[in-house]
Amino acid sequence: MTAVLSPRNIADRLEKEFPGSIVSSDDNSFEMNSTFLVPAARFLKDTPGLDFDFLSYITGIDRYDHFELVYHLVSLKHNHSLTFKVRCYGRDNPSAPSLTPVWRGADFQEREIFDLLGVRFEGHPNLKRIVLWEGFDGHPLRKDFLG
Amino acid sequence: MNIVYHGIAVPDMKQLPPDWPGGFFWHWLVFTVIIFTFVFTLVMAFTWVERRGLGRMQSRLGPNRAGPFGILQPVADAIKVLLKEDIVPSRSDRIVHWLAPVVAFFPALLIFAVVPFQNGALLADLDIGILYVVAISSVSTVGIFMAGWGSSNKFSLLGAMRNVAAVVSYEMPLVLAVIGVVLIAGSLSMNQIVLAQDIPLILLQPLGFLIVFIAGCAEINRSPFDLMEADSEIVAGFHTEYSGMKFAMFYLVEYAEALALSAIIATLFLGGWRGPVLPPWLWLVIKVFAVFFLMVWTRTTLPRIRIDQLMALAWKFLFPLALINLAITGLQVVAWPDALPWTMIIVNFAIAAVLIVLWSRLFKVGWGRVEV
Amino acid sequence: MTLKTEPFVVNIGPQHPSTHGVFRLRTTLDGEVIVDVEPIFGYLHRGIEKLAEERTYGGIIPLTDRLDYLASMSNNMGYCMAVEKLAGIEVPERAEYLRVILAELQRIASHLIGVGAFFNDLGAMMTPIVYMIREREKIVDLFEMLCGQRLTYNFMRFGGLSQDIPEEFLPALRKFLDQMPRFIDEYDQLLMDNEIVLARSKDVGVLPAETAINISASGPVLRGSGVKWDIRKADPYSVYDRFEFDIPTGTAGDAYDRYRVKVEEMRQSLRIIEQAVAQLPGGPFRSKVPFLVRPPVGEAYAHIESARGDLGFYLVSDNSIAPYRFHVRAPSLINLTALREMLIGWKVADAIIIFGSIDIVMGEVDR
Amino acid sequence: MKFDHFGIGIAKGMAVTLKNLFRRPVTVQYPEQRLNTSRRIRGNELVWSKEKCTGCATCAKACPQGVINIETSANPDNNKYEVKKYEVDTGYCIFCALCVEACPFNALYMGYDYERARYRRGELVQSRDMMTETPEKHVSGYFFPDRAASLPLQTLLVEKITEEE
């Protein structure tokens, strides 16, 4: 079984490493401040004992007042997993740092979130629309998008 | 006056009536008609055999709707393709695009001028028959390159360039292997080569047969060397932009070339029209179909090879082997002209096997990547 | 003298025989050599994630059929597991065993097409794929017997299956299990040692293990690179922990290894089915589930090892009859991440087979 | 020194294709030869029982595509709904059979017929009369095991490759 690491413990460790990075944590996931996303991701990836080398998926949820990005990490080495979330506010130009430099698996998924939800990933090497064509008006997965 | 070779008496061709069945023009007319009929009928039969054979080897039936066993399928295909609209790409080089099928088609037909249907029955018994075949068969490439260039399509151009590369490379081993046959038969004339074969030369020249078969397949772009129309890579290669009548011409060229290669291999290695009981022309047809079946069979089984591997096969495997084969044949002909054929057969097969196994050391995987 | 060459752009796709659907590779060629590649998706984008937000939970099952249309049963299973996790639905044991049997049959069917299409890309003149479709047809026959359709099965439901298996199913499955190993051996005889196949696919399109992990590749692509990672073993779902099977892995991570991994996986799947049929318990095939499922507010993620890799479904519920958010972790899309660096430097012919060896289904890539 | 790759793999492959040349072909000549479909076939039509239907419209709610168009009026005499209009646009239908499974009164079945190609989209709309169950209409055994038992057994490729005419 893939062990689900306690988000509270990880959140505490992250808070110790990067003060102010954790917004909240519960039994299923913790929420991170988006400014600390990239260093925290590197910490999660490179710390011995954690070794989250596999970014399983990223997805975005439109919560009307903010966009919630969900990151699911797995360590193939230790066979454990972790879920954390990041909020980005604003409907016009929400943005979050890109994790593509850390895990390249994020590449197409971030492009997809940018395409369908309109969240801009800062630092992504090739942030273009992926499934819709260039010049498409709007972001269809937003709850207020009317076809 | 007979030439004696390997204990085989070969009649001198000069004594045969030169202008059977009558004057020169009658001869010309009769054989032109015969060749046209032969080529068109056998091309239709080939498409049928290929599609049915391919189908049966793939657990399918193949075309079976038009006529009994689908025998009229080539006719139906021909009617369909002739009635189709002729589409010319707007940015094509129109004259080249129009001329290409014609340029490609006629050389394929011209080869049959020197194929003997029975003793002395051929359009032109050229003294340099086999040289003529080698010379004329490469001209089709010009037509194919014209098609690739004239269609103004990138896939067509890629296909045409691949074809030119393949033909230029494979001409070399092909000719060298054919010279082995010429050495044994002692003549360049196709009819005389047939007359010299009391035992089919495939037994005396197994390696030569293999090289001619492989190189010939590569020249006429039969699978596994069908790179120029590799459907999974470059869509349809040089004839991507052709439709209707012009496409039909290319289709015809493809099979006429296969027919020509089968006929040449049958003539050079399988004893041509010679055979017991049945009439000579039927023997030729049977042998042609036997060779063609081999082509269909390899086409069913083998995946396609890559362009650089195609070149490597020609220059590293076929070319040296053809040279060695030529040297050994020359040695045999000079040193032991009267040796028993059966010993020669065993020796030649052994030499072929040893050479192939030795050259298999050159087989390696994973090359071909270019740093860019 | 050096030749002056000029790179030119060739669009392979969207209508091309070897793009496995509608996919476009915008390649820049220098002669035959690929200098640059840009994969372009989206030609099959149907907005399934958006559509799902406006359908009931039950009505999404037919939509999942249309994700990876070569492995509908696996998709059904993954989605049903996610909803069961979200709503806390129990699945009877018989249903779990049947699900495993169906998912493994589906894996064989999908790998047959994957391997067959790979050899079609190699230019094998349809022969391997026709043989493989012949065997796939037998599996599709079995699925048709269960659910009446041949491609979009829509067979699994929350808490089990839509119907119990008919009595003629197990004898037919038995016959298939007896025949299939012989046919897999025949494919190996036809293809495994073929010199042309070796020359074309060995050490071609190498994906090193570190890169494979870093790009989140999964399924045969990851295992072909030598990483022993299979959700069925690493995170056993359903009743997979009760079966014995091996995880075949490659060594070099080339196209040939990815092909071999798929063939070996077929053998392992047959092993799993043999065990599952032997252990198949009686009992109900479905637990009682209301017509309209209303899961509590929350989120759930369930993933399975589908034929193409780690297929995950992420659901967010707001306690209504439709999900608030429905996300698919599509292995086909993510496996394509390293396509560019795998292709560069190879020739056009190699590009086609490297792309074919990744074995994607556009329905899943574009959703 | 090990010598391999001198063509033995190619020869083995050639043997396989030759073996298949003498195998029976698996294809079926469709219009003349027909295989029995599954007993549970979800054929491309729906069959509707006028007697059993109460007009509850559960099927319309279950339909993910929303192609079931049902209009009812209350009949005050016997306190029941009367189905005025029952229409399925099979051009939009995906034949998922969720409606058949949802029907609480077993009034809806999948059809056994799979040859309903039409030249115009409009002709694909199944009206009430076209759907009504009649003795001539074959009904699939999907979700109804007792009906399935009376249907012919499915032809399986595992059992026989092709049927002789």
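Letters A, B, C and D mark the chains in the order given here, with residues in each chain numbered from 1 onward.
As a convention for this text, a contact is a pair of C-beta atoms (placed from the backbone, for glycine too) under 8 Å apart; a residue touches a chain by one contact, two chains touch by 3 or more.
Only a predicted model underlies this, so the values are computations on that prediction, with no experimental measurement involved.
Of all chains shown, the one whose average CA position lies nearest the global CA mean is C. Across C-D and B-D, it is C-D that has more C-beta pairs touching.
With centres set at the average Cα position, the gap from chain C to chain D is 25 Å.
The distance from the centre of chain A to the centre of chain B, with each centre set as the mean of the Cα atoms, comes to 62 Å. Separating the CA-averaged centres of chain A and chain D is a span of 44 Å. Taking each chain's centre as the average of its CA atoms, chain B and chain D sit 51 Å apart.
For chain D, the set of residues that touch two or more other chains comprises 5, 7, 10, 13, 16-17, 20, 26. Contact with two or more other chains is made by residues 57-60, 300-302, 363 of chain B.
Across the assembly, chain C contributes residues 127, 131, 134, 190, 194-198 that each touch 2 or more other chains. Listed by label, the pairs of touching chains are A-C, B-C, B-D, C-D. The touching residues of chain C, when paired with chain B in their complex, are 8, 10, 16-18, 30, 32-35, 119-127, 130-131, 134, 190, 194-200, 202-204, 254, 344-350, 352.
Across the complex, chain D is touched by residues 53, 55-61, 64, 297-298, 300-302, 356-361, 363 of chain B. Looking at the complex, you find that chain C touches chain A at residues 41-42, 45, 47, 49-50, 211, 213-217, 227, 229, 234-236, 299, 301, 303, 310, 312, 314, 316, 324-325, 327, 329, 333-334, 336-338, 366-367.
Chain B meets chain C in the complex at residues 54, 57-60, 154-155, 158, 223-224, 226-227, 230-235, 299-309, 363, 365-372. Within the complex formed with chain D, the chain C residues making contact are 55-56, 58-63, 127, 131, 134, 137-138, 141-142, 144-149, 152, 154, 162-164, 166, 168, 172, 175-176, 179, 186, 189-198, 291.
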